[in-house]
Amino acid sequence: MALIVEKTTSGREYKVKDMSQADFGRLEIELAEVEMPGLMSCRSEFGPSQPLKGARITGSLHMTIQTAVLIETLTALGAEVRWCSCNIFSSQDHAAAAIARDSAAVFAWKGETLQEYWWCTERALDWGPSGGPDLIFDDGGDASMLIHEGVKAEEEFAKNGTVPDPHSTTNPDFQIVLTIIRDGLKTDPQRYHKIKDRLVGVSEETTTGVKRLYQMQENGTLLFPAINVNDSVTKSKFDNLYGCRHSLPDGLMRATDVMIAGKVAVVCGYGDVGKGCAAALKQAGARVIVTEIDPICALQATMEGLQVLTLEDVVSVADIFVTTTGNKDVIMVSDMKRMKNNAIVCNIGHFDNEIDMLGLETYPGVKRITIKPQTDRWVFPETNSGIIVLAEGRLMNLGCATGHPSFVMSCSFTNQVIAQLELWNEKASGKYEKKVYVLPKHLDEKVAALHLSKLGAKLTKLTKEQADYISVPIEGPYKPAAYRY
Amino acid sequence: MALIVEKTTSGREYKVKDMSQADFGRLEIELAEVEMPGLMSCRSEFGPSQPLKGARITGSLHMTIQTAVLIETLTALGAEVRWCSCNIFSSQDHAAAAIARDSAAVFAWKGETLQEYWWCTERALDWGPSGGPDLIFDDGGDASMLIHEGVKAEEEFAKNGTVPDPHSTTNPDFQIVLTIIRDGLKTDPQRYHKIKDRLVGVSEETTTGVKRLYQMQENGTLLFPAINVNDSVTKSKFDNLYGCRHSLPDGLMRATDVMIAGKVAVVCGYGDVGKGCAAALKQAGARVIVTEIDPICALQATMEGLQVLTLEDVVSVADIFVTTTGNKDVIMVSDMKRMKNNAIVCNIGHFDNEIDMLGLETYPGVKRITIKPQTDRWVFPETNSGIIVLAEGRLMNLGCATGHPSFVMSCSFTNQVIAQLELWNEKASGKYEKKVYVLPKHLDEKVAALHLSKLGAKLTKLTKEQADYISVPIEGPYKPAAYRY
Amino acid sequence: MALIVEKTTSGREYKVKDMSQADFGRLEIELAEVEMPGLMSCRSEFGPSQPLKGARITGSLHMTIQTAVLIETLTALGAEVRWCSCNIFSSQDHAAAAIARDSAAVFAWKGETLQEYWWCTERALDWGPSGGPDLIFDDGGDASMLIHEGVKAEEEFAKNGTVPDPHSTTNPDFQIVLTIIRDGLKTDPQRYHKIKDRLVGVSEETTTGVKRLYQMQENGTLLFPAINVNDSVTKSKFDNLYGCRHSLPDGLMRATDVMIAGKVAVVCGYGDVGKGCAAALKQAGARVIVTEIDPICALQATMEGLQVLTLEDVVSVADIFVTTTGNKDVIMVSDMKRMKNNAIVCNIGHFDNEIDMLGLETYPGVKRITIKPQTDRWVFPETNSGIIVLAEGRLMNLGCATGHPSFVMSCSFTNQVIAQLELWNEKASGKYEKKVYVLPKHLDEKVAALHLSKLGAKLTKLTKEQADYISVPIEGPYKPAAYRY
Amino acid sequence: MALIVEKTTSGREYKVKDMSQADFGRLEIELAEVEMPGLMSCRSEFGPSQPLKGARITGSLHMTIQTAVLIETLTALGAEVRWCSCNIFSSQDHAAAAIARDSAAVFAWKGETLQEYWWCTERALDWGPSGGPDLIFDDGGDASMLIHEGVKAEEEFAKNGTVPDPHSTTNPDFQIVLTIIRDGLKTDPQRYHKIKDRLVGVSEETTTGVKRLYQMQENGTLLFPAINVNDSVTKSKFDNLYGCRHSLPDGLMRATDVMIAGKVAVVCGYGDVGKGCAAALKQAGARVIVTEIDPICALQATMEGLQVLTLEDVVSVADIFVTTTGNKDVIMVSDMKRMKNNAIVCNIGHFDNEIDMLGLETYPGVKRITIKPQTDRWVFPETNSGIIVLAEGRLMNLGCATGHPSFVMSCSFTNQVIAQLELWNEKASGKYEKKVYVLPKHLDEKVAALHLSKLGAKLTKLTKEQADYISVPIEGPYKPAAYRY
């Protein structure tokens, strides 16, 4: 795709696949609104007072229908928004088109190259001469990372004129990041400093992004306040668990139509994502085997009747392999070679390095047969037997299906909206330092409460005597901070 | 689509959507072959002796990837094949293209009109001047019904010159059938008699078709032998149950992306299809309510923790409605009016009259908004609130997804192949009269056995003493005919 | 226990463990009545007309609380009843006491010797000089078998004076049967002929008993009509399946307190009983492995995510072994020797020869340590490692717990009552020959219907149009005879 | 029971129900040892060095078979032990007998009166003239509470001569506590000060006890260090969840034999205990309705397909009611009056005031019919309809069954042993202040690891590169403190 920014008649910038899909996107957005009561409550509760008036928000988060409802919640609260996706395969082109046409500046399409991906990220961060965004929505931390790397490089450059060397890394993503920064230094050696200076804070969506933030906090290199939305209970224990329980089989079925019942499925990792995946596969009639490094999670798996083994033990007998670890090098090409013909290999953890895609792509004589987009059969020359890799090792639920369903994303995104409101409201108060924060429990409980009536659920009310007896306020919060749910 | 028969370079007739999808179809057929061990075993066991040599087979059965593997099993056994789909939405165009190009005469595409549907059926039955097929594969009984109606009309016509009146019925399908027969009488008043005379027999796939056959047997109007494949255990207790358990959520997710967890789902009917649907929805986290007329099935539902109520009781609180009854008028437009906004209504039973589509379409002021093909939102003028109807009331797993997965269809289709072999082998023996037969239990057990090793299952062998103790042969069959599994 | 018949003040005979438990038994009977709506409906529907007036009924069926409600339903309908248990461990002494005191002649206690068991059976069949019972309730067929063997021996004796030789068999049960018959020949060489001549018919409760009856029917040796209650859907698909799903874990927990979650459990056989057991163990968090001889049942197991292997494959790694086959020699002492220390071995199929108890008891140097009644640890001398055998290999749910719960037994027993009524009503009509019959479907459906309202279930009613469309009467029966549910 | 301390031949004190059950207890203890790998590992790892040599430990914790293995682990590590139960119904008399005979001073029996209960608690705390214990094992905090109340009263008495007035409270437990303390003041007004002064610390087992400790910490009244074992993951997420999933149906079945399938069950509270109960009931085929005050837990319930309503909504239609809240007044007598005949009401939360037992007992005209110990039917005069209350409102899994199974208690108790070792090792270091502590994560993970090999589970090992990538040590701990599992 030619990387040229387009403009709507109103002058708003965008770059999407096909603007003619905007009507279709709008229809699906309207359906999703009914399924996203938390976001719609935010619109009705906060919309009238326009609390985000004047705020520029940049988002780097899968440009899906659900995200569209989120973006229009932000604009309904007064914000101005620019958006890119945080994954090359996760955009839904009709959602992008509808938003680009109606609500915000969007730079995202399904099937970006890495080069295109980072171009989109740059565009979303580029608010023109007056600097960057006031607030960032991040998912996986790429936007935050770019700013941190940019600031670091600008400091180096200011100090001793050195520029980043893209060849200093083998990570193809990072090579592009360094190239962008290097090129940027030529035109504006203060670009990322200006962005940093304006930035009020970031809210981060996932485990992986949060881990990066805590590392920066520990190293003392974090440049702005961050709210860890991932660790809200209504995010990590809902989206990660119930979202994946829904979207893993969805992705498997759309990509391969394979019968799950009767199959042997290996789930690598038994955190929230792994728990959701294992539950889905077991319920669909697969025999599930879990691999784990953590004895506590492993013991949980056994209590659910799941066998806990090493990948080595089962690599040649299983039919489906799912990585959920957030780690790297979980399934190597040497493992894939030993798998049964047409074994399915996919990742729903975070980055594509959970599966050794590089090893696979560079394996001598390997043949790639694309069944359909995001569904490839890789045939090894020795055995003439193949494996099926989904979404090129990237998030299969987004690459092969449409990601998590609206309802559970409403929980996650309502946390995000609350986090953004909090950062913006407190921008001048000094409440938030350059640290990582989680939302207080009463807000977490509020997010849950906003989603109950849609499901017909009715809460019980404590009496004063009961509340006193267990020493909580009648209206909550009801649990200590460390409660595990 | 212009209804003109096309021809391959080899002269074989076809009519499909897009021949350029043949390569894609071929790739998916190759994947499916690995998942269909029963059919592949038939090829290796029977292929060399070409037992279907000389047999002309007409099939009227969803033209999917799985059916493609079935068709190529029949041709591998020597048969010549013509095919149409038994549902206007169930064809997969890439499967149709691959078969049309490589193996058999195909007349089928996704999204036929009723007119086109019956044109395709006629083409599949039309083997030229020398009459019709030797064998029929039927699913729902449309091909058989057409022949029976044709023969009946020809007799009337011969007797007293009367022709069928399409206006004598309000059923739009039947109107077309009568028109076809009426028009046919003008060109060849013996057309259906010739077809009937040549026909060795039919094998029928589903509950609905089987019911029609038994009715004709009882009335003494059945014109040829029929094998009821539906009631093979390895068909009805597998495809109906486990197939729907897989394909119901698949269809829901592809059509609507709706989160199933937390929703109230109503399953109308708790036969094998209903059991599979209820299991799938419950496992996905829905609260499932069953409606039933049969107290035994109702009691089974309660034993699984499912609430059994009437549609009336829950019509205004449920989120998802699924009909699985094989009956008509299960959900009426008066019910749909009372549903929640965006309630989902779909059918996985058999015909589209389970849902009162006619009532809906003709409701005064109703507005149809097509979200995407097979997913329509119907808005009632009184409430401005809408419901979402899948696949226009037809089989949603075929209309919105890709039908049952290959593995379970391999069970069903292996029964079909065995039935066709049996009819063909015994064509001259008089073994089969004009009645409905089921396959003997040892063949049913054989079909199961052919599918076990793919799943790594190992059977236990009886000793002679044990076999004598329970009075069965060591090699089976192991159960009395009435055993329910 | 001294085998002396005792009498109540009213002169009714009995032999139970402890008459002082009658009050406790009565309390539990009253609780059970609330859970047995089918039987209570029989009392209110039929009680006033006393249709069993004059009928003598002998029952050979676990003397539990549920059976007590059954017996008192029979007496409420006018019958006179004598009862024994069909299993040495299955009686509940408080139930026996209450019935002996209040309602019927009972000969049963928990923990009979084989000698005592057959003495009780004889007492239940002995109605004094005027012959035997009019009707028999059988469970497993022991009462029927005794009569058949008796008649056969009397014929031999009349023909050539030979008497049965108890040493002609190694089966300890059968040795006693032959002894009883041999001794009987001395006092009354027509005893069993007289019983047979009076007998109107038998209704049989279980798979095993039914199999015996069909064999006799095939051999032409069946001496009286029999109704196969086992194959009523509301019996075999409820009691066998849901009953065992409840009572297997109940028995395991009462006997061993072992945590089921995390364990590897082997279920031998995947019929209705095996399906119930496997479901219970899986749900409790065990990893379940199934052994099967029948490929269809094996394939069903795989579809539920259960691994199908041979006993050999898993004998040394599993923690819990359950036999459900109705066959013999399923787990041999050579298997038991190879099991893990404290592996649990139990039988919920039918006879105790599913487990090689004889091999175990006679194993050289084996040591039996009784933890508590029905829970024995058997230690092998070579390894000093032991296995835990429940209920001496007999039905563990009756030996270690209290059998199936009342509600599901109400389904089974309502079928029994209906069968007895049918036999008695038709005693003079010649409707029933010396064959095995099943109850007609409308009665099966009636049994189900009687149990629905207790669970709050509401049935949907067919319209006339719908009933016609699917060709069933509005009021049922709704399914063809061969329907599998 | 006459409250007289007895002595073994070796002079150790005890008071148990029946010393003749010691052999039976020993057999079951030996079985349990095989199921408690964590405790047995403690014996083999720490036994040789006798780290608890010289420590006096008082335990107030259900005197079951599992606790017996715990006690003998403590003595194997060198400790001297005195023990009482923390619940009047939870003792297993054969366990108490075996321990009293072989290992430690025990004061406990099944079915204590409240008077007896507190007498036992006092005996367990009474180590003679030299003061109290060095360490306390507490469950629910009764032992800790007695000491705190005693110290407070002694201070009041010293200050102004006032003594506690038992009539100042209506809580019958607390009346006895005050009486004991008042009477104690007469003989030794420094008794509790001496106990407090010697005490190194307490480890607490349950949510309820932990809550009391944190309240005292907040109020500044905590008199000694405490380790909160309840909040170890391997305790609260295992024992509470999987333990109750096992023992709730166990208790229901032993107490009532009721069929769970088909019933409507209400679970009040959806914390870990409620989650385990709801899962067990759902899996057994009940329709489960949850009541909750906390919107997050409520939303979790809906995601599992459970309906969330208020007790009011369902009180008159449900069959089984289970309280799991840790709160009071959850089911009131006014609720019980409205229940269906023979509805079952039970508590598996903590104290018996979850159910309004006082209201029930004092309801005018109510009739209590004891079916068997711990199973009472209470009949209301207005309706002559009754409800069934288990274990008099106390913990039904301990009162009606045998509590949690050994394996899961091994997780909990291994945490306890580690906590006691930690307190004792650090007694002089000042590491632990008068605060509440949780065990560090690496010990939690160690407890899990000790239980994996028994279940055949195999852990995956991180490579150095992977460990660095996710920033954890190769050998763990693997998760941040706040991780929720």
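In this document, chain identifiers A, B, C and D correspond to the written order of the chains, with residue numbering beginning at 1 in each.
Everything that follows uses one rule, which is that a contact is a pair of C-beta atoms (placed from the backbone, for glycine too) under 8 Å apart; a residue touches a chain by one contact, two chains touch by 3 or more.
On a predicted model such as this, the values are computed, not experimentally measured, just so you know.
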Notebook entry, point to check: What is the graph distance from chain B to chain D, where chains are linked when they touch?
Noted result: 1
Check: Which chain has its C-alpha centre farthest away from the C-alpha centre of chain A?
Finding: C
Note to self: Can you check which chain pair, A-D or A-B, has more C-beta pairs in contact?
What the structure shows: A-D
Checklist line | Approximate Å spacing (C-alpha centroids) for the pair chain A, chain B | finding: 40
Next item on the list: Between chain A and chain C, tell me the centre distance in angstrom, where each centre is the average of that chain's C-alpha atoms.
Entry: 58
Item checked: Two or more partner chains touched - positions in chain D -> 242, 261-262, 285, 299, 302-303, 307, 455-456
Check: Okay, in this complex, where on chain A does chain C touch?
Finding: 261-262, 282, 285-288, 299, 302-307
Next item on the list: Give every residue of chain C touching chain B within the complex, in rising order.
Entry: 211, 214-215, 231, 233-234, 236-238, 242, 272, 291-303, 307-311, 313, 326-329, 411, 438, 444-446, 448-449, 451-452, 455-463, 465-466, 469-471, 476, 478-482, 484-485
Margin query: Using the touch definition from the top, list the residues of chain A that touch chain B in their complex.
Written below: 24, 27-28, 31-32, 34-35, 65, 242, 245-246, 249-250, 253-254, 256-264, 283-285, 317, 341-342, 369, 371-372, 377, 388, 401-402, 404-408, 455-456
